[in-house]
Amino acid sequence: MAFFLETLLGGLMAGMLYSLVALGFVLIFKASGVFNFAQGAMVLFGALAMARFSEWIPAWTGMNSLWLANVLAFAAAAVVMFIVAWAVERLVLRHLVNQEGATLLMATLGIAYFLEGLGQSLFGSNIYKIDIGMPKDPVFILDSLFPGGVLINKEDLYAALIAAAMVALLTVFFQKTSTGRALRAVADDHQAAQSIGIPLNRIWVIVWCVAGVVALVAGMIWGSKLGVQFSLATVALRALPVVILGGLTSVPGAIIGGLIIGVGEKLSEVYLGSYVGGGIEIWFAYVLALGFLLIRPQGLFGEKIIDRV
Amino acid sequence: MSKVIGDVILSVQNISLRFGGVKALTDISFDVRDHEVRAIIGPNGAGKSSMLNCINGVYTPQEGSITFHGQSFDHMNSRQVAEMGIARTFQNLALFKGMSVIDNIMTGRNLKIRSNIFLQALRLGPAQREEEEHRSKVEHIIDFLEIQAFRKTPVGQLPYGLQKRVDLGRALAMEPQILLLDEPMAGMNMEEKQDMCRFILDVNDEFGTTIVLIEHDMGVVMDISDRVVVLDYGKKIGDGTPEEVRNNKEVISAYLGTSH
Amino acid sequence: MFYRENGQFKTSYRADQQILPIRQDQIFMAVLLVFAFAVVPLLATDYFFRAILIPFLIMSLAALGVNILVGYCGQISLGSGAFMAVGAYGAYNFFVRIPGLPLIPALILGGLCATAFGILFGLPSLRVKGLYLAVATLAAQFFSDWMFLRIKWLTNDSPSGSVSVAQLQVFGLPIDSALSKYWLCLGVLAVIALLAKNLVRSAVGREWMAIRDMDVAAAVIGIRPMYAKLSAFAVSSFIVGVAGGLWAFVYLGAWEPAAFSVDISFRLLFMVIIGGLGSILGGFLGAAFITLLPIALSQALPALAGLVGVEISTAGVSHAELMIFGALIVWFLIVEPHGLAKLWSIAKQKLRLWPFPH
């Protein structure tokens, strides 16, 4: 039972990280109807930027406070993500305004490849460390219920807390600020939003900036856990089933979908994996998403998709 | 020219259609006789296209049934309907924009093509002959609709009036018994309307095709139709010859408003 | 001046419906075929065959298959790598378990395995489209990755899924030299391209395009969406499966599941986009482009960089490749969504008028 709980909790933590990446997808889709295949590349790009800046900034300025270097590196990386967002809107989105979904999807695939190449050219292609001072030792909880306690990785716990804080911040941003309101208006109806004077292009830049920061945070956490390397870009492919499950237009859906996928992957690997040769993590999420596509394509919380003649 | 209007071949009974809380059609019943030109008229939003969509199997009505040649159906399946000999044009031109005029009209022959995928891949005797045979039929339709000059043009590049003719051509290619036309003259000028009327009447005359026609131009409706059904807010408010309908008080108030 | 259709009147529908109705095109094609079959072998080096021509031919075949599904029928697919893998491992299983099986039947059987796999994973297309279908095809991709790594029976109990083949023969002739491999690939490509072109201009092809352009209207005409979509998946995965078999048997010789990863799926999709969706020629142009680009870059970039006095490592070249790919995809989608094939047909249009401007 304790082992089950451990697996469950481990799955929840992993799921939280998926949710972070999925959040980026949902944000962009909600505000512009574009499915951003480049989200994973953005995670990689952000992580690379942060990793290298955290090395370079102390080297350039000679400071030795790790904490300060990290904060500055984060800020610098965020600025880089803003530049990327602006460039994407200006050079790509603006020219593909009325194209159909498939074209935009393939354009974001192109952006993904471009960012992967650019990131590695600018920042290098070795494996880099991000050290944001997260404690890596495990902790045992619930000893009263289970002898010996249930093992949780402290790092995962902090990661989950950071992710939760990010979601809370985003919720406040969307609900309470005027920019957030404008974003919600655009997500609801582009034309109506334009007709009341909301500048669509600027909104899209803002959305991509926010998604960029979300990607950066996700990259920071994943990178701190796994090291920053090229395979980080494929994390987007892992998060795709999450948005299918949760619904492409739903922020809570991204969170809950991520948790379900995280838990599902871990549990299925442990309890089903041995029967079929192991390693089923790579397709479990996708087959689950496939099931949803056949029964309920809009996911748990998404809006129903209607096809008009 | 005289034509003989036959028995009832299509009838709809008590059709009701709802989308969530919106009632598109309420308890509609009418019939269509063989070889006639039956018009469906009514103000915008009256449910005319929805009615055709029910007959075609695009929408499924919650209540009511449709009887075609003695067989009753609760809901129609699009392919079945096509096989039974009912073809249709669309208000918003559901043409295949990526294909040429010939190819668009050829898709209408699809039901009649017998050779399977392997024969088509090898393009041997039977498959080749079939292609030529159907091409010949399609060329007749192209001649009839006077669009020869555009046969190889992708339809997306044609002006609206010509696209409407291709839409009609595609429906004709199915050699249907009943042709459902959804506002075939929308957006046309006087000359184009005359041409389209001529085509419709020719089809009705030469092939005996029964026509069910949704149209807003009253002049056209009164001139060419044998009988008219009037819908308003999803309900039937008139049914009869153009004369009868023209003098129907309810119809007048629906279209023109009541006099004060 | 050269490319005039004047005087070329067609007096039968059969003549009008030919694949190459214009005389100049027929001559061009004949010359091209003679060049490919007879002249190239005299001129090309072994390296040229192995590194450029053979991969180009096999990838053209795969791109042809993908184009049928994505370009003609409008069903987006990110699982092409999986279909290639099933074709390759399928052919391998038959080859290894039936001693003395010649190459061509093995490839065909592998293709049929891919067809079955394709129809199965094509079923979601009956329910969803666009992005959602892309996700479903990715499920096929990842499932296939896992399947050939973990299910021992499929790889003849090889521990990591890596297998190899040797002693290939066609009609008793051994396929071991670069030239014999070239002719085999060229022959298979020519035959399948002809069959595909026939399909695409006949009733089945029109059904596919109808589904792509407007599936609701297609149903009303009497086209069965299920049959059309699944037949597109079937034909496409057969061709991609045969290409996978060729890639594995003839080009690689020895391979493991990672040879058919999601990367190949993306690459094929790019070939089809850049080459031109919905065009048989497009597959060839896209494959040529994407096969040649890395080679061209690895030669040109260091040279260019040298001019500016900068050193580029091989890693740098591969990064530049990614960037150029990405930028080109975006550029094509903005400027000419119909790809190189459209540019080619525009060029032909201009050629019809040359040397007059209009």
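For the reader, a short list of remarks on this structure follows.
Should a chain be cited, it is by its letter among A, B and C, assigned in written order, with residues numbered from 1 in that chain.
As a working rule, contacts are C-beta pairs under 8 Å (C-beta built on N, C-alpha and C of every residue); 3 or more make two chains touch, one makes a residue touch a chain.
Nothing here was measured: the structure is a model prediction, and the numbers come from that model.
Closest to the protein's overall CA centre, chain by chain, comes C. When chain pairs are compared by their number of contacting C-beta pairs, A-C comes first.
The distance from the centre of chain A to the centre of chain B, with each centre set as the mean of the Cα atoms, comes to 50 Å. Centroids of chain A and chain C (each the mean of its C-alpha atoms) stand 33 Å apart. In whole angstrom, the spacing between the mean C-alpha positions of chain B and chain C is 41.
Listed for chain B are residues 58, 90, 94, each touching two or more other chains. The residues of chain A that reach two or more other chains are 309, listed in rising order. Multi-chain contact residues of chain C (touching two or more other chains): 216-217.
Taken in their complex, chain C has these residues touching chain B: 12-14, 17, 195-196, 198-199, 202-204, 206-207, 209-210, 212-214, 216-224, 231, 235, 278.
Per the touch definition, chain A reaches chain C in the complex via residues 35, 91-92, 95-96, 99, 101-103, 105-107, 109-118, 120-121, 125, 237, 240-241, 244, 248, 276-280, 282-283, 286-287, 289-290, 293-294, 297, 307, 309. The part of chain C that touches chain A in the complex is made up of residues 76, 123-124, 127-128, 130-132, 134-136, 138-139, 142-143, 145-146, 149-152, 216-217, 262, 266, 269-270, 273, 315-316, 319-330, 333-334, 337.
Of all residues in chain B, those touching chain C in their complex are 56-58, 78-79, 81-83, 87-88, 90, 94-99, 103, 106-111, 113, 115, 117, 120-123, 127-128, 131-132, 135-136, 139, 170, 174.
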